[in-house]
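Both complexes shown next keep subunit A, but they swap its partner, so subunit B is in the first and subunit C is in the second.
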Partner chain A sequence: MSLCWRIAREEWRLWLRSRVVIFAALIVAVLIAATSVLTVNRVSAEQSQRVEQQSAAEETFFAQPDRHPHRMVHYGHYAFRPPPPLAVFEPGVDAVTGQSIFLEGHRQNTAMFADTKAAADLGGFAALTPANLYQLLMPLLLIVLGHAMFLRERESGTLAVLLAQGLSGTQLAAGKALALIAVIAIFMLPLVFIAAFSVTLGESAIAAASIVAGYFVYLCIWGALVLAASILLTQRAVSLGALIFVWLFAALIVPRFAIDASSAAIDAPGKIESDLAMLAEQRKLGDGHNAADPAFVLLQKQVLEQYDAETIEELPINWRGVVASYSEAELTDLLNSYAEERMELEASQSNMFNLFGIASPTIAISSASRTLAGTDLATHHRFLREAEQLRFDFVQGLNQAHIDELDYTLDINRNNGEAAGQAARVNAKAWRVLDEFRFEADSAGDRLQRATSSLFILLGWLVIASGVVILAARKVRV
Partner chain B sequence: MIRSITREARFLARDRGALFWLALAFLLSIVAVSFGIAEVREQRETIATLIEEDAADRANALAGHEDWGSAAYYAFHLTYAPPSQFAFAALGQRDSKSWKHRVRMLALEGQINEADTRNADFGLVGRFDFAFLAASVAPLLLILLLYDLRASERMMRRHDLLVATAGSKGSLWLPRALVRVAALALLLLLPLWLGAFVEGAGFGMTLQASAIVIGSLLIWWLIIELVGRIDASPSVLLTSLVGVWLALAIVIPAISKASIEAANPVPDGGEILLLQRETVNDAWDLPKVATMEPFVERHPEYGDHAEIGEMGFEWKWYYAFQQAGDQAAEPLVQQYRAARLQRDQDAALASLLSPPSLVERSFERLADTDTLSMIAYEDSVRAYHGELRAFYYPLMFPEEPFDRELLEALPAYSPKR
Partner chain C sequence: MTAPLEARELSLIREGNTVLDGVSFTVAAGEIFALLGGNGAGKSSTLLTFLGFLEPSGGQVLVNGISVDSDITTVRDAIAYLPEATSLYGHLNAYENLDYFLDLAGKSAGRVAIDAALDRVALPQEARTRRLQSYSKGMRQKTAIALALLRETPILLLDEPTSGLDPVAIDEFHDLVKALAEGGQTVLMVTHDVYGACQVADRVGLLRHGKLVGSFAAENGKRIDTETVHAAFAERETA
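Our next item is the complex of A and B:
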């Protein structure tokens, strides 16, 4: 073991003497530090801003005066999605999806005003985050540091001497690996700090530790690939060229290829497209504003029987409210079935994308990292579902107030002058049906479970890459 | 010169490493162009379906109503920006920004910001289109092709001999590099030309695109040539070149983007929506005069028809306060639009420092998939919404009797081409 240490220490001594290595390492370190500080500040500001906006929206809703309850259905409400604590490291899809939704009766709106809508367009790599620095730049640094670490001994003839002294190829490779792992460990420090910081923001320690572990495995995969190339290839330039090719492939080409492939393979309709398909069906349901619509005849019969009444005027409840509540429920079922289908198709596109992790560890770590941070597509979809639940609940709560607290006769006369309008109102206390909404990331356990396949792919990569190193090291001859 | 070029071409034909990079470039270009064409075809198909369904839905909606107000309330109109003939080469902003809407005559600010975008992962990772290949991957391939021209001869210890026996330096290295640059450019561009032909993109546009690719390769050749003069081992040269690539493709764009966005803050989009909503909702509780007065200020031609009884509900008043909502949000909307334009203008300037950004932006410009095109599309939706108002107001305000035949003349959205 002490032999390994000696080999590793020797490697470090050489690195510290190389200006190229020092320069590259410094640049990466500065970039990581600067990006981390910027991202932490930006995301924390957004976090507190959105939490404030959410409670401000609730207070405004509660502060509305006495009104006709259906006015409040259209007045609507907002749902905001604050970034989860680990978004300071991995903002994920947050920049692309909007983070607030307007909620109102009879409609499901989209999340609006994504950051990318107003972003300065400088090409594909301009949106730097600590996460993509780790995904893209750290492998390059390891390549620069390690592409010649083994074959250097071959080039300078020291390999023969070392082997003659009884050192095995495996021991030598282990020493070199140790040196690389030390580099990786040092460069993991910023990530460890950010993860610890996210724990102080309320992130679960398990999720934070898993993300650190995931990146450690990812960088070790690259370390192993680099070491394998430097054992198997005999010329520096060839080793470097081959590794840069692998990086180009894994980090730049395969991820975008995978996006195009999953987009071409699975056709997920947009919202307008599925809305139009749905509208045809919706027309059969009737318009919730018009209680005389033929679609409500059956409902009227049932309600009259239930209350043993002859006409709707005799009902102890407000018939218009009943219609509004009934059609909102029907419509929501329909809207949800289409929304679910759309989200499922999108999820299967993303699953297909994740499968490409088998061809590129960069895909595997990036999807694991988004999932563990709670900034993946699945979390956005859950936000959409929860916002929809919030919408449905307050709309139906208001419709219930319409049914119970507003007299039918007063209601149908609401447009006959100021006084009649005043009379057709319910007390503002009824607005309390709105639930408090605080969107939070899934529990660490759920996120880990969702990230399992990506994490297993990463482990598979690590096993194969280290396997190649071990096999290659065993066969080392001069 | 011709002789030395044919000589170098023969050398290249035997250089397996170089052939590998060239074949890879060709293959990637084919993949990028095919994916691009598949995507724009899918988008066109989607639009064709939407146009059909939208017309059917509108016909149905209009059939059920007997007054101008309800017709305008229930009839939605599709607006869209079809992909241009060159969009297959640069899908640009089409994944992260919305290029289709369905609008009606209600307050526009509540509708135009709807984001019917694709899977968020697409916008996050980006596509493998030709613009990305030409902007970011091609320079790396060129680096791998050229970095060891001199250094490999040094390694073989032939460098000094070659230099001494060649007539001039130019006649030795220039043809050698030129053959490789030309081969790379040709292999990248061949699939693009084919794609442009299939998609019917104009000759002039294809020529411009080719010039961008060749220009960018020439710039990178110059960079490689300058770095290659350093008397260092091939691996140090390659490391430095990759470092230069990193600086130009990632670091400079990232710093520019961060500083441009910090220097030009955009108003919070949510505020636009909030202001518009609050104005529209408040109007229900205000005396109707309070809505109609500012409306008549903007539309004096309806001054004689703006008397609304305080009793009952009138569509005129309803649409007047919808417009009041848009008017209230106007300053914020202008600010938002101006900030986006300013950011884009600054980004155009900053991209002069980064060849990859410049190539990507130029391709998006050619393909009408850049920020300006997306803003132009939004402007056309605004203009169309204005046409809808201009159609209905003269019928609704003077209370012309409802005539279904007049609805035949409803303005139809036509994308600018």
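Our next item is the complex of A and C:
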């Protein structure tokens, strides 16, 4: 082991005495610092803003005066998804999925307020996140640093002198690997700081540690690939070229292909497409605003029988409220079936994309990173489901107030002058049907479980890449 | 008595080409044996087989009676190797280079011992803390020889050791090698310098196209006759 340390120390001495290497490291340090500061500031601000906005939206809703309950159904409410603490490192899908939804009766609106504005403000720099740097730029720097680790010794003739001292190829490779691991450990420092910062924002230490471990494994995979190329290939230019090609393949080509292949294999219609398809079915359900719609004849019969009444005027409850409630439930079932189908297709696409991690460790780490940070598609889908549940509950709560607290006769005469309109109102206390909504990321355990397959793929990559290094090192020739 | 170095019917084929073809020789303890030959004769390859860097296609190479392929660690522990390119690290100074390579060889030498070795090879004091990238070839060679001295191995393998050195440096080097041999070290050197080989070696072997085609030994306390060897070398090279 002491030999390995000695070899690693000498490798470091060479790097430190080489101005090119220090210059490259400085560039990366500046980039990481810049993106980290920008992302941390932006996400931290978003997090506090959204929590405040959620409270403000609730207060505004509760502060509405006495009104007709159905006006409150359309007045609506907002559900906000604050970015989880680790989004300071990995914003994940948040930038494109939108992080707030306007909730109202009879509709499932699309999430909105993606980060396009922030990107415009920063000239697109917002898209360069710390996670991106770790996934794309760090491997490149490892390639620059390490592509000639062995080749340099071979080309300068020092390999023969080293081996002549009784050193084995495996020992030499282990020393070089240790030097690269030390580089990787230094590369990891900004991430460790960011992860620690996320813990102060409320993140689980397990999730923060897992994301650090995941990226460490990812960079070690690149380190092993770089070392293997340096041992197996015979010229620096060939080694550098081959590694750049592998980087292009793993970091750019395979992910692009994986997206296209997943979309082609699993055709998921967009929100607008499914909305159009849904409209036809929606019409069959009847118009909940029109209690006389033929679609509600059977319901009317059942309700009249239930209350032993001959006409809707004789009912002790508001028939229009009953229709609104019934219609909302039916419509929500339909909306949910479409939404679930769309989310399942998106999840299948995402799962298929993640499988391409077998061909690219960059895909595996990006998937694990999003999942562990709580900025993955599954978390967004849970937000959509929870927001929908919130919507349905408060709309039906208002419909219940419509049924129980508003006289049917006053209701149908509400448009007959100002006084009639004033009479067709319920007390603002009814707005308290709205539940408080605070969206939180999954527990660290759940996120780890979801990230297991990607993490195992990464470990598989590490085992294979290390195996190649060991086999190549055993056969090192001068 | 077991010879420190022995090649038995050594053959080597690389990429379909015969590099060595049935080469046999022994080098006795304290002897300086020079393998002489032109470019591509197989001289360096012969050295590399003793270090286990090249695997023989046939025959055997033995170091202190141990077959190289059976215990490479023991074999390399017994050998100090001076490559043709005097390959040390340019970004390190002489002290740092020697300290590093000695560490790897499992030898510990303090600054005093290192200075003594550098004094012995006459490397100027002021140069010792300069990085080797500013050294002349002769100075690099001296540093590499100092490493060989500090290793204190019983066997020394030298690959074109005087190539690129000025005449004074060559003479100094020859004196040093002779002194080492007189101290009991076994020296196998390969060179295309006929004059140098005859000046320093106890025996000279002529290698041509992978075959050992002649051998000349110093007799009766006289050096090997340069003219005789040169004539044989020139004749065989042009044959």
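Basically, the second predicted complex is superposed on the first by the 467 of 478 C-alpha atoms of A that agree within 3 Å, B and C clash if a C-alpha of one lies under 4 Å from a C-alpha of the other, contacts with A are read in each partner's own complex, and residues count from 1 in each chain.
Following the convention adopted for this analysis, a contact is a pair of C-beta atoms (placed from the backbone, for glycine too) under 8 Å apart; a residue touches a chain by one contact, two chains touch by 3 or more.
Quick caveat, the model's predicted, so the values are computed rather than measured.
With the C-alpha superposition on subunit A as described, subunit C and subunit B fit side by side in the combined arrangement.
Once the two complexes are overlaid on the shared chain, A:13 sits against subunit C while remaining clear of subunit B. A simple residue count on subunit A separates subunit B from subunit C, and the partner touching more is B. Residue contacts after overlaying the shared chain place A:263 against subunit B, while subunit C stays out of touching range.
Looking at the shared chain after the overlay, A:463 reaches neither subunit B nor subunit C. In the superposed model, A:417 makes contact with subunit B only, not with subunit C. Across the overlaid complexes, the C-alpha centre of subunit A sees subunit B and subunit C at an angle of 90°, to the nearest 10. In the superposition on chain A, A:189 contacts neither subunit B nor subunit C. Minimum C-alpha separation, subunit B to subunit C, in the superposed model: 16 Å.
Touching of subunit A by both subunit B and subunit C, each in its own complex, is seen for no residue at all. Note for the complex: subunit A touches subunit B at residues 20, 24, 27, 31, 35, 38, 53, 65, 67, 71, 74-76, 78, 92-93, 95-98, 100, 102, 109-114, 116-128, 136-137, 140, 144, 147-148, 236-237, 239-241, 244-245, 248, 252-253, 255-261, 263-264, 267-273, 275-277, 279-280, 283, 346, 349-350, 353, 366, 377, 380, 415-418. Within the complex, the subunit B residues that touch subunit A are 17, 28, 31, 35, 38-39, 42, 46, 49-50, 53-54, 56-57, 60, 78, 92-93, 96-97, 100-102, 110, 113-128, 132, 135-137, 140, 144, 148, 151-152, 155, 233-236, 238-240, 242-243, 246, 249-251, 253-254, 256-258, 260-261, 264, 266, 268-270, 273-274, 277, 281, 284-285, 310-313, 336, 339-340, 343-344, 346-347, 350-351, 354, 356-357, 360-361, 364, 370-371.
Residues 3, 6-7, 10, 13-14, 17-18, 156-158, 160-168, 477-478 of subunit A are the ones touching subunit C in the complex. By the touch criterion stated above, subunit C contacts subunit A in their complex at residues 48, 51, 53-54, 73, 76-77, 79-81, 83-85, 87-92, 96, 100-101, 103-106, 144, 151.
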